[in-house]
């Protein structure tokens, strides 16, 4: 219902009555906590009035048996939601870190996604694989400090910049993986934002850097030549969980760029179009994206990243920041298709977070990238997957097959994308 | 490893060798398709060399038993990934559509998230609930048309605007739920982007509008007084799966705004801080976000939305576009805290997509919002959840408790956030 | 001096002392007002302690003789600043409104600018001129209204949308040129932004719409079924004097698109490069702009627009919003260069503002576009100038001649850009 | 005329005929060049068919007498345009560099602007002046390099980062003022953008850095271990002449922040409103700006900066980038108004460019900031002027006097803004 007809449906008094506060006590209450015992789970389910059959679906036998393994990842636990996983590959990646033919598990409920990414992976592999380079890494946190006046803020900001070595030490004291690599300040009147960037080893590290930043804030608050009026451990200048120009420019998490060259014949046979047509689509799509006020230029990074994050125990909310970047398609002098993607903002890891949970760990095992030593390779595979997705969707759009695939697969039809 | 030291680790020749194409045939191949039979699943697992134990985790008994239910939602199926679900509530929503005390299932692997959102929900409910208003709805698709020259593009664009009634009919012919509500054009030299916005009933409707747009494109290509040189059914001007100013301004999916008033005493008792301190945080965070080049002003919409989308069978990739909006905190004249959120870009539904899958349907049942007639209410609950999350995180930051909660819960410690 | 070394140069106490308030009365005071008489001017100059010779430069004989003509355009008048004007052309424009070979006066103090734009104009004219189309017009103002609660805001917003015909009448009552063409509302919690778009005839119309909006606000405040708590006649949602996605998407002022086809031979002879090289530059520059977080994709619209606005009595501050748009360069199937520009945000006019001042009116006369009936044509010429500038700079960059031209002309060297 | 009615006014054939190329030779031609002699000027005027009286206005006696002084600033010279100058002040600035009561010349053709900024200046001075701090400086250029493949691009990028000392030397060889201070690289597939930031002394330095960058490019092209396929001296990643997130984040030109505290009584007496009301306006305006997709949060920086740039020989086109930043208004604990502005992107100078032209130099003399040693102070005064403008417009909007001032002064009425 559009806003315009709101007053057709409701009188102002009715609207007031619908939107007004209601003060009675709620009928039910959920027992909260991170405890996962049969008693605690049962008490929670008992409090859910509408959920007779739901329990069976969320708290299946295997989930029940493994339930204690979720205790450090969720509170108020009542079971698990099952997201179907399709696998694509082999996806050949020739990266500085990733050097394999990968089978990539993708978790999604959206028809066509796996088929489309799989088609792109096949195309890449048939062309000898894609090159990939993890260019940088670092997770940001940005505490904010308020002062009474600009001159105090300026003294503080200059002092902070000089104190970088001490801050590095403070951070190291909170975790052996938290290595402070850069300190920047942003002065806005009597406010100072301190932008801290950390290496976090093979963990995405968002919690790690929060704890390190808390320690740094305590050091700054107590050691500063001018005492802040107040401060916050995070003042929204870090790009955490949101698309931001800062993260696109400086990187957040791992930054990766990847490229592939596809012979014209393969484009014709596997995508049913030509490199020229795909280059035209690139131009129209790049300008279309810019005109719509999108950040970056790409088609659907979010699809592949969300599916891979979900399968592999990454933070699904990070899709909000990761789905920004550049995808470029061009015709090479010899008529082949050149494609590349650049993803500056992949806060991923292969330890910590959800990476150790049973089915997520299994997905990382399918990739061969579970545990320490694999985060850079994992990020390079993310970029390769994004590249596969861009090639496939661009091919489908250029060949005029995009909607047909959606029509067929979303209705449970057989087969992958036409190939 | 920073780029600067790349040449320390590798010589140019070594780098070339790592990044060069490798042309041998891959050792394994995945049998593809949307078929879900024991034979097909088994063949896929056999092709995964690293996955001996993984199969057990992804293809548990219940998943196996229900596997045919996933056939219209994924291709190359090998099992499911299990994402732990915590439940929060009751969350009282006084919306134009949502009018209940809701229990909200949140699927996440990130410690603290459920506890934090639960704390916010409790605060809102204790204050009589939040008001919520679904302001508009509509999903965009944006085909692009190329002409030989500007005058042709102009004739086409003007003709398209005049043909809106016919296009509405064409769309209606593809699905009884696809109602074209607006046609805009954007002229860029000899290129024309046609931005189509559809009502899609209680479905998120992204596939539905793709199919309707294909039919419209066929109509436009054949009926136009000037024949396009070429065209694409989507030219990246729709905001699909990405943060864009267009969707933030015009809305995409459902647009909702929600508000709550929290007495100062409740802020003090439940959040351990004051409305004044939270308002200071709002100002510093709003400016911090703007300075970081973020779209919109909010703290962590992505966390709650991703968890709710995942639990309830929404498209997780849409978090990339949904996590843009406004959260505002102020002190009221009587000293109470005023909080509101505005989310212009919620492409959600209660039918279609993943909403009918076993555990996802169960989560919608916990909410009481499964099936037709509930999409607007679901969108209003999304906004209420986002509001709960903003209140809780702002409270934790203002009270200086943010990192402590992360430290404790991420290590599996007991209890929710301090309350 | 970088911030880091601030404390090397100053002790905190010294910094405090430099930045502290100083409370003595100032030694001099400027007599203010919009009065322009010899006495008033003289009194102002007497109050300027450092300006012995300056007076002669600003208050030259002709300025002195014409000084009363500036009374409606400036306050505290002390003279005029002289900005050198170069003329380019003939620039052939084949527009819906502009249909001439134009000589375009450009006011600038930056060497190379006139030569570069002149080179582009010559190239366009030699190719038969550029096509140009004024696509839309409309100036926005956006008053803001605050309410006690969301339900009141919603009632108000819905009522405003229904009151559009009355608002049109109210606007018309303030000026016969102010025609309200669109009313949109944006609801954010208990705040409502009303975005009003007006036709303003041949005036840029920024003052006209402010006055009309004031009248509309009075109508809304007194007639609303719910009384706003407070309101502002402009709440920064109109895009006035700033780059904004809203103006880029919806247009603000005139929106124009223009294109030209340049034979490959002309590119080679006049720009010393090839269409292919210029297309490569376009791609690299488009992506470079996107990666830098620029709005739109173009090279230096600001240069030509600022110079033309200045010469022709437009509001120079509007360059902040006008310098956003799209410039696209491609190779045509026959090897020619295709170039087009799209400028959605040209708040220009040929009556009102500075257009009637002596030398500004003279510049409009050189164009043949002074006075009523010419605003659309003027906007189309703006786009043609922008196109000339993009072609010329792209040519210089692609040919490797960019810095050479700057080196030579900025030192007063002879000749235009190499041709 | 809206696009929709285009086909009402023209048939497709008529539109084609209006927009088609016209190939006859133009009737007139302008003799081009940077030569300024009576003969050259006369020849140009003779070629302007519509300009009988215009010549008198542009080529007045004083302009004629001084015409040779414009030779290094413009080509195809035909005279000067006169922009009226109003003066405001004294504006007390307590800056790290600016430490005076300044009289500030503002050149504009827009009524109210000088009066409004003057009112803000008076308010600031009455409160003891504003503090101001020039936080950083540096002008960016961003050449782009294309390679055949990613591994080459990576080797080049890493090599460039290691070659920073040599690049600094190369830059120094082109001008003793060009000091390269930072080298960053941005890798996008096989493309490398090199972002170079220079100190340029007291010049804005845009030409200087172009020449230095050309020399650096020659060094990079010849010295690189891998030869670029092609390169451009600027690839649009520098933020030059456009609003960009990069310049907002990193700064471009001088970055300044300034603040002032205004007693509540002064707000009441001079602005006829209260700090509380202005803080409400700030919040509504900040969110309004964000919702409109503006960069930064401010009201009308462009007005004051354009007027000051024009008067003082700065590059007016730079307003496109300078008019981005933050303005914040708050109520202090004691009830006073706190106001601050942050302008990260002021490419200004007091030598070079237009700063030595007769009337522009006179304006700098009025400020006392002509010539070497004054660029930082000039930037701090720019920020102080911006602050004055934000206070005054916010006061007018909060007091409900905004449109009244426009109505009166734009019609040549007497008096400044009500005070």
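Chains: A, B, C and D, in written order; residue numbering restarts at 1 for each.
Keep in mind that, in the parts below, a contact is a pair of C-beta atoms (placed from the backbone, for glycine too) under 8 Å apart; a residue touches a chain by one contact, two chains touch by 3 or more.
Quick caveat, the model's predicted, so the values are computed rather than measured.
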Contact-richer chain pair (by C-beta pairs counted) among A-D and A-C: A-C
Rounded Å distance, chain A centre to chain B centre (Cα mean): 12
Length of the line joining the C-alpha centres of chain A and chain D, rounded to whole Å: 37
Chain centre separation (chain A, chain C; CA means) in Å: 39
In chain A, residues with contacts to at least two other chains: 3, 6, 15, 18-20, 131, 133, 135, 149-151, 154, 187-188, 245-246, 248-249, 261, 286-287, 291-293, 295-296, 326, 328
Category of the chain touch graph - line, ring, star, complete, other: complete
Chain B partner contacts - residues on chain D that touch it in the complex: 3-7, 12, 15-16, 18-20, 149-151, 154-155, 157-159, 161-162, 185, 187, 225-226, 245, 248-249, 283, 286-287, 290-293, 295-297, 326, 328, 330
Interfacial residue positions of chain D with respect to chain A in the complex: 131, 133, 135, 149-151, 154, 187-190, 245-246, 248-249, 257-259, 261, 293, 326, 328, 338, 340-342
